[in-house]
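Shared between the two complexes below is chain A, which has chain B as its partner in the first and chain C in the second.
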Partner chain A sequence: MNRIIKFIVLDILKNKIVLVYTLILAILSWSVFSLEDNSTKGLLTLLNVILLIVPLVSVVFSAIYIYNSSEFIELLLSQPIKRAKIWRSLFLGLSLSLLLSFFIGCGIPILFYAPINVGIMMLMVGLFTTLVFVSIAFFSSIMTRDKAKGIGIAIMLWLFFGLLFDGLVLFLLFQLSDYPIEKMMVAITAFNPIDLARILILLHLDVSAMMGYTGAIFKDFFGTTLGISVAFFILFLWVLIPFWISLIKFKKKDL
Partner chain B sequence: MIEINALSKNFGKLKVLNNVHLTCNKGECIALIGPNGCGKTTLIKSILGMVIPTGGTIKFQGNFITTNHAYRNHIGYMPQIGRYPDNMTIGQIIEMVKEIRKSDSFLDEDLMQAFDLKNLINKRMSTLSGGTTQKVSAILAFLFNPDVLILDEPTAGLDPLASELLKEKIILEKKKGKLILITSHLLSELDDLITQIIFMQDGTVKFHKTVEDLKLTTGEERISKAIAKILKEQKQ
Partner chain C sequence: MKAVLLIALFCFCSHLVPGRTIEVGATKSVKLIKAALSQSANGDTIVVFEGIYKEGNIIIDKEITLLGVNFPVLDGQKKFEILSIKASYVTVSGFKVQRSGFATLEDPGGIKVFNSRNVTIANNILDDNFFAIYLQHCSNCIIKNNRITAYGVEEQQIGNGIHCWKNDSLQITGNTITGHRDGIYFEFVTNSIIWRNISKGNIRYGLHFMFSNNDAYISNVFKNNGAGVAVMFTQKVKMYNNSFTENWGDAAYGLFLKEISDSYIYGNKFTKNTEGIHMEGTSRIKVERNIFSANGWGMKIQASCMENEVVSNNFIGNTFDISTNGSLVLNTFNKNYWDKYEGYDLNRDKIGDVPYHPLSLFSVIVENNPPAMLLFRSFMVTLLDKSEKIIPSLTPDNFVDNTPLMHSLKL
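Let's turn to the complex of A and B:
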């Protein structure tokens, strides 16, 4: 498997976009931290950047890359390699390169300026968000052969999780405000990886004033160690399930 | 070597392959012919595992191909339209496939020399002409000295010189006792190559005969005429 991953990672590095992405993340992180004298404030600013840019770049770049690899996949398929291996290698190659850029771009400044619990948590969350959205890109690009449609689905999913979902939750909260729905809300968060990531960080920053409406309710649950473990487990499922579905579909795909 | 049993494939409502039975053995050189869209390429891709059949089974050297991907080690495949990553050079592609196959056995670089691609080795795939891309496909198919060669329209797009070189190579490999499966529309080209003919129509195998048999029953000397005669008889 290593050989194919190596080819993919080298190919992605040759394609300068990932380098530019790393550079942008690095500029953002270093400037945020050097502008704020308080590293917690810096983290908070960075959080919003991470939760918007990282998913967007991960999902769009991955989706386009998968479509552009169709020739590469076809070439490999006529060689003695298992289908699942090709797809997994593609996933690992993409994930590795994007994780590496996130780590270099954001991780190093975070570790430098805020080597505290929240900083580490932020790093973890950023890495997980990257993986989740690479996985979602695999899911959306196996759904259709049409490149424009597939990338469209990827962007729609990003929009949905990044912006729309919160609006819907807010709407639900107002509509059902007469009922005790707080517990149900905790469950609903599990359906949005970005919200989950945001809540994890916000609860550790202790700045309830900055919290989204969804975030405010769950302090009880996500504040505990059990809560954090459950949240990370759900994030892990978010990585696993979309990719797993795409893998099953890829195994049956005609090329 | 290859046993195909009751193979069928549907793309949506369209039945591309319909209950195909075939047996191909070592040392045979088989031409797979038939009108456009009769399922030749789909059949080939099914053998390679690129298309997943709706029904039926394919065995390669006695093993079902669905359970074991290693059988592709023994197949060299030349696609009808080779699609390669645009930003890789010819050299990189060949190196990559070599690394993936990690074949220790002897590499057959005859075609590489014959086609004289050495000075194009650093050219990107996206800049190549259709014919040169075909040459790369041919080189890759023969490179690992496979037991089975599957050539989908091998000479389409090649210049007369290159297609003659390729034909010589095919004859050479045939003499080594390999199984060779060719699809082509240029029947005249196949005359001195093949030993058997499979004729497909609308996703079914119309007949599978040896060339001698075909010539004997139709009384024609050339394959193209023999086929034409059979087709006419069927229409009446």
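Let's turn to the complex of A and C:
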């Protein structure tokens, strides 16, 4: 398994796209922090990077990579290796290289410039969103053999979680504004990893506003150690479940 | 002629002759403060040496000076009002006044002053009292450099730090107040000044102002109080150089203004409050050269406010700069620095060429539909906000700063 992971990581590094991704993240983060005189504004820009660009790159790159390595997978399958092992190695190899590039590109400037509690939270959340969207890429690419369709599904899922979901929630909020829906809203965020990531960071960035009446409800949940643990556990489930589904399908798939 | 002058001089000097000094202490001839008081006459000085004095309620009804050496302790044993001052020209200085009684009808205080003039209460330590210092119907009094501490948990169980009711011309300077219901409480107090006090960690308000006209509070620190500072039903108040910090919670404000008019708010710092200033029914107030930073809401100006001017302030790093609850805008904004401003300055006069709309769409949405806070900083919401900034349709379009500054003011 280790040898396969090593091979995949090296292959991805040779590919150079990930290197460019790292470079872009690094340039973005360093410039954002050094251009703005207060680090909060820099953090806000980075927040958008973490919530939009990181998931997009993770999901699209992973999906394309999986499709492109179909021949490699077939080759491996002809060897006496278990299917689950191959699929897991592929996942680990991909996520490892993307995590690494996120850490080098964004993580180091964040730790360098941001206040320590916000910085660590952003880093953790960024790493988790990377993992979640790699996992979603695995899910979407196992759904169909057609490369265009698979990548399309991946992008649609990204669009859904990044944009449409919030629109729907806003719509729901207005429709149900006569009811006490605050607690329900907390539950609904569990269905969107990007929302979950955003709120975790928000509680550190906009702490004053979050102390008000409505914020307090979220703060009471997400601000406690238990809440943070639960949120990260749900994010972990978001990594696990799509990948797990894809694993089951991959095991049974007729290649 | 000489004789007349001499007599006149003699009369003048005799007035200046200081009274006697009576010493009270365990090793002195007078052991009790009450005994010393009964021996004394107007103008005398009573010096109290170190020790614990449990004498119940001590009533001062002569014009005397009461001085403590090394903070003698006056203990109310949780039963009595400790010092009751019922004469003018009294000075109380250098005591540790502790554990006054608790009664909601009589409101016993550590030091309570009734119907007097020119009373000075300075350099005392007040610890664990119901009301610490209480003034009623007084004028020209000085309350200076006292350290006031209490350990209140519930609003109903504890009194105010410095409680002033129906007074005139007070000076309240350099006190530190912690753990009371309201740090400083003003009701029907006029022509007074509150200067350089620190009021922090009180259960309700750091400073509570009601029906108190023509007062000023300057260079005070209000930190981490249950609900910040409230100024209500008042006119002609001046608020300069105060710092309002970390007043956090639902209905917690840096500064809460209700039904006040003709006042001036200058050079204050509002940092890390849930709401920096909350205005309700206020009119003709000028808010000038203040710093609003890292607040949830910099200012909330309800639609019931009119003719207020917000001029030359810095708004930096607030979640929302301004919010309101209606569409009626009768207030003006000019020459403020908004860190969220994204306009340009072609003629280099340091004033942005594009007007700035400080009211974001999302702050209006949150005002009407609080749970929407959950979506804050979501890409969807940012998109909505941006489009609203360019073409205001839901937010009142006269809510605008026509001369936003390009750079922050040096305050």
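Brief remarks follow.
Simple rule for what comes next: the second predicted complex is superposed on the first by the 243 of 255 C-alpha atoms of A that agree within 3 Å, B and C clash if a C-alpha of one lies under 4 Å from a C-alpha of the other, contacts with A are read in each partner's own complex, and residues count from 1 in each chain.
Everything below uses one rule, namely that contacts are C-beta pairs under 8 Å (C-beta built on N, C-alpha and C of every residue); 3 or more make two chains touch, one makes a residue touch a chain.
Since the model is a prediction, treat every value here as computed from it, not as a measurement.
After overlaying the two complexes on the shared chain, residue contacts for A:T189 are found with chain C alone; chain B is out of touch.
Shared-chain residue A:P80: touches chain B; no touch with chain C. Shared-chain residue A:H204: touches no atom of chain B or chain C. Note on chain A: of its two partners chain C and chain B, the one contacting more of its residues is C. The touching residues of chain C, counted against chain A in their complex, run 248-252, 272-275, 294-297, 316-320, 339, 366, 368-382. Here chain B touches chain A in the complex through residues 11, 45, 48-52, 69-73, 75, 77, 79, 83-88, 93, 96-97, 99-101, going by the rule given at the top.
Chain contact summary for the complex, chain A toward chain C: residues 38, 40-41, 44, 47-48, 51-52, 162-163, 166-167, 169-170, 173-174, 177, 181-182, 185-186, 189, 195, 198-199, 202, 205-218. Those residues of chain A that touch chain B in the complex are listed here as 3-4, 7, 11, 14-15, 69-72, 74-83, 251-255.
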